[in-house]
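Following this line, the structures themselves.
Next come two complexes, and both contain subunit A; in the first it sits with subunit B, in the second with subunit C.
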Partner chain A sequence: MRAHHALRPLHAEWTKLRTLPSTWWLLAALVALTLAVGAAAIAPVAADVCPGGTCDEDTVKLSLTGVWMGQAACLILGVLTMGAEYGTGTIRTTLAATPTRWRVLASKATVLALLTAAGGALAVLASILLADALLPDYAPALRPTLGSVLCLTLVALLGLALATMLRDTSGAITLGLGILYVVPLLVTLIPSPTWQHRLERWAPMPAALSIQSTRHLADLPIAPWPGLGVLAAYAAGLLLLAGVLFRTRDA
Partner chain B sequence: MTTSTNTEPETTPTPYRSHLHPTHAGFPRLLHAEWTKFRTVRAWLLVLVAAAVATVLITQLSASGSVTSGGPDAIHGPDGTTVTDSFRFTHRPLTGDGSVTARVTGLKTADDRSVEPWAKAGLIVKSSLRQGSSYAAVLATPGHGVRMQWNFTHDTAGSDSAVTTAPRWLRLTRTGDRLTGYESADGANWSKIEDVSLSGLPKTVQVGLVLATPGHQDVHRSFGGSSQSSGGGRATATYDHLTLRGTSTTTPWTSTDVGAPTPNAPAPHNARPDSTTTVTDGTYTLTGQGDIAPDQGGPDIVQMSFQGVFVGILFMIALGALFVTGEYKRGLIRTTFTATPARLKVLAAKTTVIGAVTFVAGLAAVAVGYTLAQSTLRGNGFGPPAFPDYPLLENPALRAVLGSAALLSLVAVLALAVGVVLRNSAGAIATVVMLVILPQILSFAFPLPAARWLLRVTPAAAFAVQQGVKKYDFTSHNCLPEGGCYPLSPGNGLTVLAAYTAAALLLAAWTVRRRDA
Partner chain C sequence: MSDATIEVRGLRKRFGRTLAVDGLSFTVEPGTVTGFVGPNGAGKSTTLRALLGLDAPDEGQALIAGRPYHALRTPLLEVGALLDAAALHPARRGRDHLRWLAHSHGLPVRRVDDVLAQVGLESAARRRAGGYSLGMRQRLGIAAALLGDPPILLLDEPVNGLDPEGIQWIRRLLRRLAAEGRAILVSSHLMSELEDTADHLVVIGRGRLIADTSVSELLHAASGDRVRLRTEARTQAMELLAREGGRVAVTDRDTLIVTGLPASRVVELLTEARVPFAEVGAHRATLEEAYMELTRDKAEFTSATETADEVTR
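== the complex of A and B ==
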């Protein structure tokens, strides 16, 4: 092992992540679920909703619906990256080997981000290729594609932050799934326009996926890039908070 | 007298043996053991309390932000349902028994849109020209065949002949309170559609030709709010062979728009500007708009009082999963199975405890949440008569409250069963959240047919139990998932979730028996 000193924690984290069977299961689930839901979303459009392909549906956004499902896999991957260490107690070994705690967290975040970006890119590209094959006038665009991959990566980092803060896998997963799914559900179903407006602007989840829209952009509650920015702010803010807590607390 | 002494000294100390045979340990004892496990973990009690508090709090926040200024006066049908009742009516009074017959020869749109599937042309017997008064009608529609409908909430399908392609003979007879609808292809061979009784029908009623068409609805859906624009919707229908048998005043046929500002005033004040009736050589041509149907578009203030359940359910999922995965994680499961080798009994005891605990906590939370939300909504303008009172202990509120508690409990048991199968909390929690909550989110994003299908076949169908307004499938109302509309009826929706839970429990029972702990 002749890796540079600074790269050693990175290499260690990569080894840990790569040797967990759950990592590969989750990445497989990310690709499979994203693709399956994307296919289910576009199939009716291809078949009978608009036969000529000249309907009002935002086909690019529709083909990327699977990201809604795939992000759960990313969240769990992010949570397990830290949560598994607390669950099994390896965190103490990790911190004994690398006492600089911010470096541990940064290495975990880097490895996790690279891995989910790769998995997410695979899932998103597969969905786009499938839609391209099924729909006649499908025109993939760069912003939704890139944005979806970024969104999946940020969700994984959010999971890492939550697990570091809570030091508990099930708590972090429950909270994370609440942010990803329950908040957007309330945004739509809540009968109160006041709270709807507040949640649309301040909650990370429906906001981030506005990055996928290619039609009726003026009708969106938040513009595409600022929307993704909301999620990025949550992920970065929570990661920072997690870093502070990680430094100040016992393992 | 002899002092008692140990006449048989013990050779070896016998180890303690329970009097109970391990496999025959009583089920109440097992229940007690599982209940002790539950109540002594402080985190679980906290989660349970947090679930209840979050449910009440979110429900209350949601209700406090919902304000209405009342809107136009609602029209109520004979049974109190909010209804739409406006149509073009060419009528004569009929006193006592009699019948009206006509042939509907065509129904087409009068503007540049396609004809609505629920446009209606036919015959009606109505107790008065007042909106919401009782009626019975035989109607030919372009998309749903021939129907007999009465008092807004009742509908019987006749033949599925489409009025846009084939003329149809219709007949409506009155005998006392009984009204019978008939249809025929040729005017000679008649088949009965339905025979109904309208109580309180006056001696003299208005009978004649009816034309109504709901407005065309354009739905633009997007996540975080879909907009619906309803436009136009004028139709023209033609009739001939109009005959009325029975005692009627000798006045000719007159035309009125039911729902026009002053229906009893002389023409033209009793009509909308673009409604017409022309008669040439026995052919009646009616042009108009409106609909005769239950009004399904308004806010459902029962359903609006359960928003917190979406948050409470998350805690219940975590609780159900952790109740068993916690034992697998810490190895306690081996102790549990050593104490009670009958594993199915352990599973049954765990199911009973978590089901009962989540049901009781859920019931308390939704009942309190519902009561608070209802009083908040009253204060925000959702008051009678447009929004009648729904007392907690009467249907539909009682059904919605009990159903929501059952929903929370069933989901917790589902999480428990999935936890037994997967033996880890991360997988169990994520799986159940994706089964129960994700389908609803996807239903907002999917095209409508796929979205409705999703809400029929996944456990998310169970949220239909919170609906207070009964959904009728014979209206043109668009059932949009983002509007809180679930395609299944409350009972069927909850049954779907119960079926998932039962299937998961069976799978759990099978795996827990054949696997090592």
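== the complex of A and C ==
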């Protein structure tokens, strides 16, 4: 009975998330974008038949290129989970129903993580199946597969943290897209190789995608698991900061 | 419903440089509808938010059934609140809004359908809230407040946006809920909305208590020893009554309100002087008039504190 009591806010957040059409549109977008970009990335390799299967392409990484695009849908889903509550004013109803604020944030994070993990798994598995059908000597690997799903999940949690801190949907989406897409772009533009290397290692986005690499691991700016760890640290750190602000601020 | 009380004790809340609530204290008893009245910006919503644990007080306490809101294990079963009827996700169906609230307390879906029926919103329940009129939003908000069948209700401007039929409906509903022994606090910036609904009034201005009184006492005090009369010869009557020590006010083309003379004396004077008149009787103040009188008495007080504020800044 006690356990059941503790699960109630979780049940409420699940009902909230699943009764919005935008949730399902964004999950559909996650799968469609991941699959479409993945297909576009492997198409040239599939057409260009490697003689004797000796081509040097990291086909596993290539087949998961779509994750780079699909993460945008995850970010927006994460932002909306909290941003829409501030935008519409329902946050007050939510906090009147569950006055313990960390419990509200933890419930939202749990439900969001489970749903994006499911959607992400679908998107990643579809990409792998497509690559398996199109590429002659394709062998999927566990780490890039699992890592890509975790990456999508962490991006959604990052979105939730940003929206909780900013209490604003458009601001959080702008900032989130900046972190995901503008920072990696800066890496190529910065003239200093030292700073380039630092950003590649410590900015969440180029770092996290190293989890997809299966070849030439020694040449990566950051190793696969530590790379994903960087994104996890950002998501966890910002979620913690968001939790502190959420607890102390007036609603 | 033994401990259905709302208690505000020395509540103080500042937002930046604005002192929204300044040492406010009052209690709402079970079985009554208490009107919470004051102009816009008087601190009503801040007080309600403090009661719901949404805003942390700088000083003092806001208690539900003797406890701060965050100490309530199942808050929706203890207090139902309507703060802002517009606070709905436009893409979510009305019924789904109530369903997530029910799930937050492990309430059965049957309760959702019960309250939807109670507020007369069954036919629109499966539509998205974005298409609701303001009146429908108010009804959904009231349904949400009633979901846990709570002994205490806090309603912020629930009459706003309702049509005359809706206003009648909510008056009857509030009377019935109070008769069941609930403590109900209803805020409004229009005193006339509370006529025939509230038993008790808490009047605030600039975050401070102006009056904490029963409606009947207030009306009695405001009606005073005033006499209302109708006359064709307004000027003549005014001169005569003023000469005899009455204070005379004109309310419309042929109606006068006389203070300081008993009705019998007014009749006597007018008859002697052969001034034509009709309908002499004791004046019964409306709640709106009583409120105006209250706030007029406090006008000097409020402007004085305003100056003091300016100086201390």
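Basically, the second predicted complex is superposed on the first by the 243 of 251 C-alpha atoms of A that agree within 3 Å, B and C clash if a C-alpha of one lies under 4 Å from a C-alpha of the other, contacts with A are read in each partner's own complex, and residues count from 1 in each chain.
We take it that contacts are C-beta pairs under 8 Å (C-beta built on N, C-alpha and C of every residue); 3 or more make two chains touch, one makes a residue touch a chain.
Quick caveat: nothing in here was measured; it's all calculated off a predicted structure.
When both complexes are superposed on subunit A, subunit B and subunit C sit side by side without a clash. After overlaying the two complexes on the shared chain, residue contacts for A:P193 are found with subunit B alone; subunit C is out of touch.
When the two structures are aligned on the shared chain, A:T174 is found in touch with subunit B, with no touch to subunit C.
More residues of subunit A lie in contact with B than with the other chain of the pair subunit B and subunit C. Legend: residue contacts after superposition of the two complexes on their common chain; A:P206 is shown touching subunit B, with no touch to subunit C.
Once both complexes are placed on a shared chain A, the shortest Cα to Cα gap between subunit B and subunit C comes to 11 Å. Partner subunit A is touched in their complex by these residues of subunit B: 58, 61-66, 220, 222-225, 227, 299, 304, 307, 310-311, 314-315, 317-318, 321-322, 325, 329, 425-427, 429-430, 433-434, 437-438, 440-442, 444-450, 482, 484.
Every residue of subunit C that touches subunit A in the complex is listed here, in rising order: 49, 52-56, 69-70, 72, 75-76, 81, 83-84, 86-93, 96, 99-101, 103-106, 144.
Considering their complex, residues 4-5, 8-9, 11-16, 19-22, 84, 88-90, 92-93, 95-100, 250-251 of subunit A touch subunit C.
Of all residues in subunit A, those touching subunit B in their complex are 37, 40-41, 43-45, 48-49, 56-58, 61-62, 65, 68-69, 72, 75-76, 79-80, 83, 87, 169-171, 173-174, 177-178, 181-182, 184-196, 200, 206, 209-210, 213, 216, 219-221.
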